[in-house]
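You will see two complexes here that share chain A, one where it goes with chain B and one where it goes with chain C.
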Partner chain A sequence: MLHRLIFVPARLVQAVPVVLGVTLIVFFMSHLLPGDPALAILGDKATPESVSALRDQLGLDQPIWQQYVHFLSNIVHGDLGTSFTYQRPVTDVVLQAVPVTLTLVALALLLNIVISVPLAGLAAMKPNRTPDLIVRALNMVGQGMPQFWVGIMLILLFGVRLRWFPVGGYGDTPLQHLYYLLLPALTLAIALSPTTIRSLRSSTITVLGSDYVATARSKGLSGLPLFRRHVLRNSGIPTVSIVGVHLANLVGGSIVIEKVFAIPGLGSVMLDAIYARDFPSIQAVTLVVALLVTVASILTDVLYVVMDPRVSLGTGVRV
Partner chain B sequence: MIMTETDLHVLEPDPSDRTLLLEINDLRVGLRRGRTETTIVDGVSFDVDPRTRFGIVGESGSGKSMTLRAIAGLLPGGTEVLSGSIRYRGTDLVTAKPSVRRGLMGPEIAMIFQEPMTALNPVRPVGDQIAEGPRRHLGLSKKEGRALALEMMGHTGIPDPVRRVRAYPHELSGGLRQRVMIAMALACRPKLLLCDEPTTALDVTVQHQVLDMLESLCAEVGAALVFVTHDLAVVNKTCSDLAVMYAGRIVESGRTSEVLANPRHPYTRGLLDSAPDFDQPGRALVPIPGLPPSIANRPPGCAFAPRCSRAVAECDSAAPILTTSTDHRTVACFRAEASGSEISA
Partner chain C sequence: MTAAAEVKSRFVGRRRARRRSARSLRAWYRNPSLMAGIVVVGALVLVAVLAPVLAPYDPIKQNLPDALQDPSSAHWLGTDRYGRDVLSRLIWGARVDLRIGFLAVLIPFVIGSVIGALAGYFGGWFDAVVMRVVDVFFAFPFLVMVITLVFVLGAGETSIYLAIAIVSWVAYAKIVRGEVLVVKEHDYVTGARLGGLSDRRILFRHITPNVLSQAVIYAMSDIVMDILAIVTLGYLGIGVTPPTAEWGSMILDGQEFLTTHWLQATIPGLVVVVTSLGVSWLGDGLADLMSPEQRR
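Then we have the complex of A and B:
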């Protein structure tokens, strides 16, 4: 198994220019935004002198390329600057938020599997029959609902009316974290599941019609054992790559959802930073998100290789 | 063509076991949409005795594979058994409960498919796939299953089974994959082995080895064979009895040696004339003109009549019935070639 993963180091090296490119784009884009960070921090009533002094202090007077080079060298030293709004090192702010968002995304992925696998299996068992039609209709509805609206509806139903879940926040203990994150994760999962179900349904139909499933049936297998041993892994392979592609959307979606549920994750930090024109924070969060998405895509490749013994990536050597 | 009766004495039914293993009666398979039925297999009947080898020969679309899949209960979606019975040791598989059927598949009836690449699960080691049936039906532990898989792989002539038991199907050659299929099918020592063109996808050099191995293993396990193929040479080598199918019907059946030496149906004759024969290298091949009729549009009379050189007016109006002559050969043709049946009847 390990020898089939020798593509990973190469993939990590390939990721470096990608991440650099992201920092470049974001650095310059945030400087093109209208508005003056010093003015934003000090407010409308600031004197021109104090604004100019702050600009000096923040290094905003320097040529923009110097700011970027400075920024990059700081990144290498683990210093992402000081947040204008929090008045703390940005590294601290971001590192505090990363586990929150990661837990949220992981939980969303898990819920996505829990929702999608049975529904797709049910639909694929008898295509164009009632269960399939219901699942497909649900899919359409799921795809039509905006994420933030689903979040609000879930809050209204489970938080306000039934009082099963908190309406927002993050809790204090790890167990509470999971409990608080369940509704937002469900929101993300509902948004992701139509894509997953659609892909899984069609690949399951293909696999169910395959010769090796006929072979398995000729050995007397049926029902769940057949599904678990001969269908799921094969039909999951194409779905893994599709979910991997949508992982970036998931992180993007989590920014909005974190705001809806008042969760102190990367999304909340990002939005606050954008409102306050807090450049260091914007840059740091974008960098971290880019890193996470890159790592996620490498993990998707790893999972792909682990699931399908026929695949070997990047080495050119068939094993 | 060599017309020896291959190992027939070994394959004669055990006199103590008088019950028929498989008894197919007027089987019709097809599609049903509302009240309209499209027939793919039309009134097929044949019996298989224990430990015998029965071949079904025909072109693509003749219904031979569908007949086999109906026995295994693996008809593709949309198709179903419309009428008739498939009795396995007295149990009608058509009306049996799915659970009863599943219980038979593996320890009693097993199947080998044409394409060993697609018939094996690509993401599971072949050893696991061989052990799966025995573990399920015979209640073997993981360790015992692995041991049996190794043993069966050895029996089927797979070199270095200890290494190959962990291999994935794509890591094996076509011949080895088909050996894995055979090991898998025979792992539970079934009484009936259904083979759907098991050697068609293999190189000719490997075909012979695989057939020999299949024959000797079936004899050892005591399994009867139903063998579907379009290859007359393979049937001649493997099967004691055969049925020739055309357009969903059996047109001729009997002892393999007799039918191939002295075909009575013009279609069987045509098949023989269109296949190369290395015993007569100079003989010109005579193709059968035309194409088989589509299942939706079969002629009212004999389905072969439009392509038949011996057809007369009668052939287009009525379908000939399969009749058995005194020498235990059956043929469905008004113009059957002269034989003992016409003289004695």
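Then we have the complex of A and C:
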């Protein structure tokens, strides 16, 4: 299995221009701010001294390509500026928030599987019959729901009415973290599930019609064992790449959901920064989120190759 | 008449072509998704247009003595914390959310389609550059990029249009490029080229009309995404500036009173869901109509 991962270095090289492009876009964002970037970044707290200090730090008097090189070298050295809201280096603030958001996203992916696999299986067993039609209708409704509103509705039901879950916050111990993250993760999973279910349903229908499933059936396999051992393994493969494509939206959704549930992750950092007009933090979160998405898409490709032995690696190496 | 239909009518005979168009017309009203979409979206647009007539109260004027009332015959959906009629704000909100949602797709649709068509047709370094740029933009989550851009460009409707345009042209470019790559190998394009037509004429008169259907179908789901983004911006308090009635900011206002007045946050969300459903139906219906061979 491991020798199949020979393509990983090539995939990493492919990611280099993407990462450079991401830094370029984040860099140019500060130039979209109206007026002098230094003044816009400092906002209300600007004094003539602090403005000229920041102009020096950003190198605003240099030609634009030098400013970009400067920006890049700062990133490489882990220096993303100082956050005004937190009075700390932005890098510290962001790195503290990353694990929280990652846990939330991971839990959401897990719940997405729990929701999607049975529903997609149910729908695929008898296409165009009642269960299938219900699942497809749910999908359509699910896709049109604002994520933050789903979160609020879950708070209303499970937090306010039933009192099973806290209405927000993050708790103190790791176990409490998981408990506090369950509702927000469920919100994200509900948003992701329509895409997952649609992909899984159609690939399951294809797999169910294949010869090897007929063979497995003729051996006497049926029901759950058949589904788990022969169907899901194969129908899950295309779904992995679909979910991979939507990982960016999952991360984007978590930014908003963290605000709904008051979770101290990247989203809270970003939105607090927006309300405080703290530009370095906004820039840093945007950059980190894009880098996380790039890494996630590489991991998806790796997972895809690990799961599906038939994938051609495109490296010219026969495996 | 599209290029494909032109060729068809020449080779298949005019009468058959006429019968074909009559058949597709009949499919038009036999298409349940399309009909449902037209009814729902049509009703919403009508409500938005007639807002000044339909809304029983001023959506902005505060009336503090009447704050936070439960639904009654005077206020069918109750009042918010400033005593404003919730139903009236919903009706006026339709104007803002629908207008921005539908208009926001236009710029990225045009820009993305043109860039995608050029990249797919000419290939070479331009195509390579465009595809790398597309990859870069796909690394940013849609919402994160829109939130950041609206912040950078300053609050307000213009910023929302700009932010959505900057982010979402890439999807159209990718879709149209892919379609052009397929269509440019077709015989009628080769024929047009052998006939000495210019690249511009081939691309915009013969290829583009045949590849736009996929972009139009995508645009419908893009409208849903844009409406959800606008509502989200409103909920985060960085979208359309208050006190303008907008569904997202209504949900934000209502969230504070979830324990006592849960309808306040629930109803605007339901309206968003119905709107999205209507647009999705419209999109499914259009997809059936425009590419019947891809029907489920």
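In this section, the second predicted complex is superposed on the first by the 279 of 319 C-alpha atoms of A that agree within 3 Å, B and C clash if a C-alpha of one lies under 4 Å from a C-alpha of the other, contacts with A are read in each partner's own complex, and residues count from 1 in each chain.
To be clear about the criterion, a residue touches a chain if its C-beta (ideal position, glycine included) is under 8 Å from a C-beta of that chain, and two chains touch if they have at least 3 such contacts.
In this text, all values refer to a predicted model and were calculated from it rather than measured experimentally.
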Requested in this report: May I ask you to decide whether A:46 touches chain B, chain C, both, or neither, giving the answer as first, second, both or neither?
Outcome: neither
Query raised in the report: Which partner does A:276 contact after superposing on A: first (chain B), second (chain C), both, neither?
Result: neither
Requested in this report: Would you check which partner chain A:141 touches, where first means chain B only, second means chain C only, and both and neither mean what they say?
Outcome: second
Requested in this report: Could you look at A:209 and tell me whether it touches chain B, chain C, both or neither (first, second, both, neither)?
Outcome: first
Requested in this report: Examine A:251 and indicate which partner it touches, taking first as chain B and second as chain C; both and neither are also allowed.
Outcome: second
Query raised in the report: Is A:221 in contact with chain B, with chain C, with both, or with neither (first, second, both, neither)?
Result: first
Requested in this report: Name the chain, either chain B or chain C, that contacts more residues of chain A.
Outcome: C
Query raised in the report: Okay, in this complex, where on chain A does chain B touch?
Result: 209-212, 214-222, 225, 229-230, 233-234, 237, 307-310
Query raised in the report: So in the complex, which bits of chain B are touching chain A?
Result: 72-74, 76-77, 98, 102-107, 110-111, 113, 115, 118-124, 129, 132-133, 136-137, 168, 170, 181, 184-185
Query - Parts of chain C lying in touch with chain A, wherever the complex brings them together - result: 132-133, 135-145, 147-149, 151-154, 224, 228, 231-232, 235-238, 248, 251, 255, 258-259, 262, 265-266, 268-269, 272-273, 275-277, 279-280
Query - Of all residues in chain A, those that touch chain C in their complex - result: 17-18, 21-22, 24-25, 29, 32-34, 140-141, 143-149, 152-153, 155-156, 160, 248-249, 251-253, 255-256, 259-260, 270-271, 274-275, 282, 285-286, 289-291, 293-294, 297
